[in-house]
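Look for chain A in each of the two complexes below; its partner is chain B in the first and chain C in the second.
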Partner chain A sequence: MTLASSLVLLSGIAVLWRHSLAAYIRAFARQSFLFVVAIVLIAAQTGDARLYVVAALVLLMKVVLIPNILQRVQRHVGADLEIHPYVNTPASLVITGALTLLSYAVASPVTALGSLPTRGGIPLALATVFVGLFILVSRKSALSQIIGFLILENGIALLAVLATSGVPLIVELGVFLDVLLGVLVMQVFVYRIRETFETLDVDRLKELRH
Partner chain B sequence: MLLIALLACPLMAAALAAPRSLGRGAVERAGAALSGAAFLVSLVIAARVAGGGVVSIGPEEFLRADSLSAVLALIVTGTGFVALGFEAAAGAAAPDEEGGAPFRRYHALAELFLFTMLLAVTVNNVGVMWVAVEATTIITAFLVGLRRSRAALEASWKYILIGSVGIALAFLGTVLAYFNFVQRVGATPFALHWTVLSRVAGALDPDVTRLAFVFLLVGYGTKAGLAPMHTWLPDAHSEAPAPISAMMSGCLLPVALYAILRFKVVVDACVGAAFTDRMLILIAVLSVLVAALLLVRQANYKRMLAYSSVEHMGLMCLGSGLGPLGVTASLLHAVTHAAGKSMAFLLSGAVRERYGTSRIGSVRGLLRAMPWTGALFAASVLALLGLPPSGVFVSEMMLVRAGFRAGRPWITAAVLVLLVGIFIAVLGHLNRMLYGEPPEPLRAREHPRRLLPLVLNVAVLVVLGFGVPGPLMRLLGRAAEIVAP
Partner chain C sequence: MIPWLLEALQCLLTLLLAPGLIGFVRLLKARLQGRRGPPLGQPYRDLAKLLDKERVVSTQASWIFHAAPFVVFASTLVASLLVPLVAAPLPFDRVGDLIVVVYLLLLGTFFLALAGLDTASPFGGMGASREMTIAALAEPTIALAIFGMAAGAGSTNLGEIVARTLANPGSTLGSGHLMAFAALFIVMLAECGRLPVDNPATHLELTMIHEAMILEYSGPYLALVEWAAQMKFFLFLSLLSNLVCPWGVAVELRPRALGVALAALVVKLAVLAIGIAVLETRLAKLRLFRVPELLGVSFLLALLAITSSFLVR
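The block that comes next holds the complex of A and B.
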């Protein structure tokens, strides 16, 4: 299970050394797929039928639906490269290393309290959250920021599954709905930004100061 | 039943916006009437729970309102009533002027916005509360971007991104709280119910509880516009149509603070109040400081009002960390701020319509160009600055008293100095707008009839300015007992 979580984290980090937005989207889809595998493994261990439902939902939403939406947006707006991120690749990788160490420190009380055999993956899930946050603040394209947010979201969902075998179903469903709606709304804004500013570079969005 | 009625009002109003057979005027009047009904229902609920009781419905109290929920429900429905009533009275308000966005969608979204806020304060399950708060982000992002200008687009993009990330961190905190519960107490379907969580809080693991609170404070603090996570707020609040700004400032911010207070109860029962108090005070002082610095050189009056919201949220946050009297003051402040700020934002919409700009420098002679609007706008801004006799003055004085009683004289004094600075700065901006020669030609005439719904705001500010009526004080006291026993 620790291995599966590491792979989820790694596929998040993969975004950092790529420059094409299409690769970002593929990395996110791959990460979500690994996340589904992790859920199915836990479901098989615990025999919790509810988790299969969650796995199916994640598969449908984050592996099929959302990557498709994003790919369509990306083709439509035509911008393919994240050319000048605020932080370059080597520095980004060093920072992710530091973030991973940090999450081990932060998560230590959580790991200590955990009783499930899956608890070894908790710091890795937290690291995925931090990496998502880092992608979000260090990349300039509106589309990469969405990917950063989704990776962060995956990290939190992974943490929930690893630590507690998932939150109650009603909350889970609400979260799915919110994420889907959130991505749809963000997609609308990406189109509008492209239309109005003729670029996805959010660095150009600087009319509002103080 | 009361709770169902409360939640049904905005939902019905949203549904009424759909059929094409209903004209625009009818939709607006129905919306205003239904939000008035919701306000009456929350008054009934408040009367019911002021004695310490609880109104609830559903399995294991799925929907539940105690005195704390009742205070928030009053703020939400009251502000909603005034904002929608203002629009109905205006006849042709925001959307047409705001670039002709389809009116029906706008109205339905505004009603859904009210619904999600009411759900957030009346649902017992903290997970569902999170879903409701997250839904407010998605709904309001559309409302902020309604005007489709470059600035509005930038504001809504920042808003949805920062808001979503913040709220995702709050979810992480919620997950950690749930994990904590399951490890220490065992899995139950109701583990995320606030009543259940706070009952067993003593058994939770202290370290994980602290960690969860940090994430929750950062997460919901982002939505509450507290520094340093406030960066989206001035953009979103200044670019949204006036009635939406009024609701976002007046009630959405306190709803986010409400979520923090609910968790504070659980965390305090586990690790003692000192931990949460210290963090709340730290973030509060930072918020007031940031607001003061940015208010001094503010050139846009809608952004001025937005930064004033950061200041007032800071004050509420400060009160929340100052013991029982502080929490009472903080809730009273939420009421007076909602009354003053929603009035100021609604009037700023009328000013903008008349002058066609939100720049302070371009608005001259407001008192001569629009005598009613100008006078009321001045009154609301002065009230927000804490000038007596206004409700804000009373709640701020209570806050100061709480600060000294809680043994934090230095922090209280520092905040007072910042408030004086804000007073001088904003008074200067206001003066520049009120006097001088109005530029010609101006658009649109003033319609004093439009201002009628603001009677409620003025009444609240004036009455509370001369002392808090007994029943309200009892309700606030009960609510404070929940947060800081």
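The block that comes next holds the complex of A and C.
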């Protein structure tokens, strides 16, 4: 279980290392696929049938549907490389290390007191949340920020599955709908930004002030 | 008596098998690229040829240029006394552990860089500065990866690590162990001058790192330096394979156990060599300013390996 969670975290970190937006979308699809594997493993361990349904839904939505939407956006908009991010690559990687240590420190009371067999992966899921947030904050292209948000959401979902072996099915369905609509709305925003500024550089939004 | 024989066996194995390993990697790469490739024994013939050739030394060279091949060769040979090739624990384990092995290999790199600067040739200086950049960036990663490997065993003593891993086979699939292996693998690519950090087969001086430092060497000096580089590659790969997958290593010094250990070592090295040959055929050389990013990833992997072995108990 720790292995599956660490693979999820590592595929999130792949976004910090690569420079091309197509690679970001593939890394997100890979991370969602590893998340599905983690859910299936937990479902096999706890024997909970709902988790299989959740795994199938995540597979459909986050591995197939959302990367497809994002790839169409990326091809249409023509953006290919991340424009110089606010934090360069080696610094981002070192900050990620610090964030992982932070997540271990924050989650240590939970892992010390908990009795779940899956508690080894909780700090790593928390680290995925932090990594998603960091990508959201440190990248300039609007598409990278969407990827950061989706990784953040993946981390939260992984934390939910690890810590409580899934939330009720109704809540899961609600969250999925939410994420799907969120991505569609953000897609419209990306088109609008591209139309107005000829680039996806979010820095340029400052010009709207005047 | 027996300890000395075992250590002599280690030296002999390193000296004899290292060129064969490089020959194997080159043959595989050639076949993967659709060529016939040189035969497996070609590096041996190259070394024999070089030992017979004339030595040409630049007029600007000082004693460092003459001393460096011997220092590199000797330090690599001494490191071979400590790395568990066919048996663990080794008699010299009390004298040196994993840290000593790594820094002995780094001593050789340091002297080669000095020799590159010594000849007043611009390519030597360029190769030396690039090599030192990579070595300086790889050093924190090496230290962290060593501690990642040692964290599981509770000690940096190589015999201890092998013994603990043999006693606890389930730990090899732990995420900490695998991430430490990945970090050490990337460091091996950087230190031994393999793609994507440095192309060992390039003939363009501006793309060379290791070859640029040894560009001025000829004759027996070149034979020593090349042999030392091959032994360094052999030692790194055996270290990786015997620390991560120690099955087959002899724990008792009987001839049959040693024979099995030798066969296991050859198989493990062949697997790693196949992996490296495939990797080198698929990847292009990284531009020099991207190498810190690769080493940063390796550093992060080592850090994650330590946190997940230490902080989750």
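Simple rule for what comes next: the second predicted complex is superposed on the first by the 205 of 210 C-alpha atoms of A that agree within 3 Å, B and C clash if a C-alpha of one lies under 4 Å from a C-alpha of the other, contacts with A are read in each partner's own complex, and residues count from 1 in each chain.
Heads up, the rule we're going with is that a residue touches a chain if its C-beta (ideal position, glycine included) is under 8 Å from a C-beta of that chain, and two chains touch if they have at least 3 such contacts.
All values derive from a computational prediction rather than experimental measurement.
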item: Touching partner for A:V106 - first (chain B), second (chain C), both, neither; value: first
item: First (chain B), second (chain C), both or neither touched by A:R192; value: first
item: Which of chain B and chain C A:I13 touches, first, second, both or neither; value: second
item: Partner chain(s) touched by A:Q71 [first = chain B, second = chain C, both, neither]; value: neither
item: Of chain C and chain B, partner touching more chain A residues; value: B
item: Partner chain in contact with A:T46 - chain B first, chain C second, else both or neither; value: neither
item: First, second, both or neither for A:V129, with chain B first and chain C second; value: first
item: Partner chain in contact with A:T89 - chain B first, chain C second, else both or neither; value: second
item: Sites on chain B touched by chain A in the complex; value: 125, 127-128, 130-131, 134-135, 137-138, 141-142, 145, 148, 150-151, 153-158, 160-161, 164-165, 168, 171-172, 174-176, 178-180, 182-184, 187, 189, 191-192, 205, 207-208, 211, 234-235, 238-239, 294, 297-298, 303
item: Of all residues in chain A, those that touch chain B in their complex; value: 106, 109-110, 112-115, 129, 133, 136, 142, 145, 149, 152-153, 156, 159-160, 163-164, 167-168, 170-171, 174-175, 177-178, 181-182, 185-186, 189, 192-193, 196-197, 202, 205-208, 210
item: Chain C contact footprint on chain A (complex, rising order); value: 2-3, 5-7, 9-10, 13, 17, 89-90, 93-94, 96-97, 100-101, 104, 108, 111, 120, 123-124
item: Complex contact set, residues of chain C against chain A; value: 173-175, 178-179, 292-293, 296-297, 299-301, 303-304, 307-308, 311-312
